[in-house]
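Following this message is one structure expressed as structure tokens.
For reference, chains read A, B, C, D, E and F in written order, and residue numbers begin at 1 within each chain.
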């Protein structure tokens, strides 16, 4: 089946920053992204879990964004401005997509 | 540690289509897949979030399927039939797996 | 933007094993990981869904761990000890990360 | 006339409506107040179970008669017909594509159970009785409109194949099954069963409804935030014009059937309300080309608030006037 | 005899059982009706807290005596022994591997708290009293069976190492901790504490139980859908044969202990029921080679419905007959 | 004095406190007992809605007066000032960085609504009345402390830019909006509205509070598990020293305002308690350099348990003594 090269960007960031990152991505002209819930995690600032939490403070969300290679840099710049002083984890991997026209 | 080449297929599709995609994958002889919940997203048809939603209409789910390279095409064909007229996002990336026998 | 090579390890394992895998990873000196909830799935041992479940027995969780290439093997060894007799699915893919210092 | 106004006033200052208003306001102000999805679903399960059970228990007391059967049939017909009216009106008022118009029309033939619940609680609080089987009528009216919508699309060319799977999904939609199932349980266990669990499904009912409407308000408000981008003026006009039109069909049917004042009012509410659970999910599957934000915003963002605030008291007043009840 | 039948009939037409039946039917019909996981867990937390608290409050009134201690001990023994009976029966009736058989056997030595809760509410609704500390007995019976299962596996060769971690997981399983904790709170705060929160844990209890059983029905029905692929005829026979056998052990113990009719019935229910929370989770960790769908389907899809519909009324009738209560 | 002790004793053996203790114990023992996030959020929505509504209904009865306005203003001032006291104390007692100290200080100027709720239910159970508008005071005190914290940081160099977005997030935080909104609804609908839904927001309130505190205990206990790694001795001392200090400010204000004994006690509780919802989320955004585990553990793991167990009864006793109430 006919596929096209693309990039898969995954950004794990504090839940309270979700709204800001969304706006930054939209301003950077990102055509689409998906936000996945996160259950728990561990890092230099210790381990945490969402279980029983009322405040969003202790928690992260994961952004997944499939994007054309040429659009990657504006996305990363936008994401970086938000993530910079925060604890977001940004990873980029190569992927192939069906229906390139939608990206 | 001994690893084997495989493909990681990620399909983001409308929640109401979950059952259909599951059946399609099983019919295509896919040995296993995992469905992840999705919290929110944005695309050409606008932004959405699951928060407070009662109907499944406004929402997506994410399928993750690790598969042997040679089995990729039948999977994609099956997936494509379901996704085609829908808004699913299909991405494929290379990966290595432990215990190839299970795929 | 300046990026660095890294590995993205994804481990899908029974929910009741979450705690054990977390400990194993920490003992293996993994600096960070994220646990994603899983909604449903299908494999050789049949299909399952979390819907309406009270017991954690029927369910999986997904670990995502971004790690420096040189640290991969200890992680896999640790993971494998836990996963071995279980039904975990382990996949490794290449990725690029911003801010390598945090990994 | 000012009877209606007074009525609307008291209606507007009930905890239920104010909770909804709070939700809308919070969403419009972009507050991060939100009800978790699982909690919202749990609330709707509670409401469907409670309203269905109470309806069944009422019927077990009154028993079945020809009127019950006739009313169920009337509901079926209303659900089938109203989409054609809605479709025509949409073609006149808006520039929506045939597919989008059909999808929207389907929502208006079907019903909004929470609007029904809100109306019931208003009737109850004002001591106006109604036929217990109206809950069953609500259940019957959920699905037929979907077929009308698909027919409208097929007629306008872009056909969709309906497989058996889709039939089951539509007819065995969770909310339909729960509503009818709870109705059956209430019917079988009757007054005794109701008494067993009334401190769960009767006493706290209005309070739970407040929280659910708070959530509905948050979701509706989120939709309204970008309504401008999604809906043209014509569509919005349709959203407030269609309910009274639908209600008048319900009114006619109710009077013909000789229902009680409360029964007529509820049939008006059912005809006037637009689905936001069963139909949108079905449309996502059956009419993927249709834009979800259009039908979701119209149904939840425009018509639901209209019915909740102005519609219900008006329908009740009209029903009371014309039944002399 | 027809006393039992009448009893079973009234039992079958209670809102609780009908809600379960609704869930099973909906799942078998592949309706998309479902209770969110978080809501199901919240319901079970409520039930465990309420039943534990009420038991503790009852004990604080009656006080502790030798019989309480003896009954707790009896529960411990029953939980240890029943798996051996179950294992033998499985080896006779089925071709399950030793590991699968042991895993299943472990479930039947342990208990199903919702079966216990359902039985309690039947007793309450029929005005049959029972010892408040039976809740504590239920908690005590949860874990020992797991050890028997592991012992059975070890004996049959394929040994598993039990680390301290696993011990803690088994003994501090959430449902055990909550049940015992709530029992302790009820005990300490007594009648006064109960009075404070009774409009939360007493009044709506049966209604909440209905929703929980609706969910249990959905899960059980999902399991039953592919029962044919998972369970052979022998296993299914075991699923309906084992409960009465377990119950008879409970009966013997109850009579020896001189418990009240209600107490004997509850001890029968505990012995007859199979775990679906604590044990499956433990087996997933301790016996990964065992196939989860086998023990989950047997426990939830076969034995639970059997106990809920036929078992409970029979056990109660027998207990009444033999205690002359 | 022994009056206070007796009081503390009865307080410690209430179902509410014991539920919290159960949660802490379960978490420390690493039991897997846990309340789903969605359920915990639903519980907090219920509590905020109920407490807000009841406060509003009370005010609609008593009406507004100068004292109400004055008390709101006092709350505002307390919330602004207390962080400076807390900051100074932290610099003396701990070696926390200026940013961490400021972030913590912000939490102590703001309030913990569940502490407020627990105190209200103790007052109610002992028949001590209080001003209904104290709920509004609670809402008013949530946010100002955040600004003080940011000011403290700016002063100590490492400035953060406050954009309009952040302002809205802080002022329209979900818990503030819900509390004030429910207060307004209660006010508008008054006694009549309260009567409509009291069997939902009044009767089961204490029971729901028990489950919520069970969850709070689980979360707090999880934090305490690794408290040693996170907090030094100085910080812990601060966590139990700051509440009485804050309370004394509240006491002074309450006496000046001439509030009732209950009102003074509640103002002490608000001043003594530390935020665990609004402020942590704001700090995550505004002060990312601050370590979340420090302020979360201090607020939820140290100060909350202290206020719940020892603080509340003491504050009430003192308020009663000094108001001669």
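Heads up, the rule we're going with is that a contact is a pair of C-beta atoms (placed from the backbone, for glycine too) under 8 Å apart; a residue touches a chain by one contact, two chains touch by 3 or more.
Because the structure is a prediction, the values reported are computed rather than measured.
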Those chains which touch chain D and also touch chain C: B, E
Number of hops, chain A to chain D, where each hop joins two touching chains: 2
Least hop count linking chain E to chain F through chains in contact: 1
From chain A, the most remote chain by mean C-alpha position: E
Chain whose average C-alpha position is farthest from chain F's own: B
Averaged-CA centre spacing for the pair chain C and chain B, given as whole angstrom: 18
Distance between chain centroids, defined by C-alpha means - chain B, chain E (Å): 38
Centre-of-Cα separation between chain E and chain C, whole angstrom: 34
For chain E, residues contacting two or more additional chains: 32, 34-39, 41-42, 169, 203-204
Junction residues of chain A - those touching two or more other chains: 19, 36-37, 49, 56, 93-94
Touching chain combinations (by label order): A-B, A-C, A-F, B-C, B-D, C-E, D-E, D-F, E-F
Chain C contact footprint on chain A (complex, rising order): 10, 12, 36-44, 47, 49, 60, 62, 73, 76-77, 80, 83, 89-94
Contact set on chain A toward chain B in their complex: 1, 3, 6, 8, 18, 22, 25-26, 31-37, 61, 64, 66, 93-99, 102
In the complex, chain E residues that touch chain C: 34-37, 40-41, 44, 165, 169, 215-216, 218-219, 222, 226, 229-230, 276-278, 280-285, 288-289, 291-293, 296
Footprint of chain D on chain F - complex, ascending: 36-39, 41-42, 45-46, 49, 53, 168-169, 172-175, 177-178, 181-182, 184-185, 188-189, 193, 196-197, 199-201, 203-204
Residue numbers on chain C that touch chain E, as the complex places them: 14, 16-17, 19-20, 45-46, 49-58, 85-87
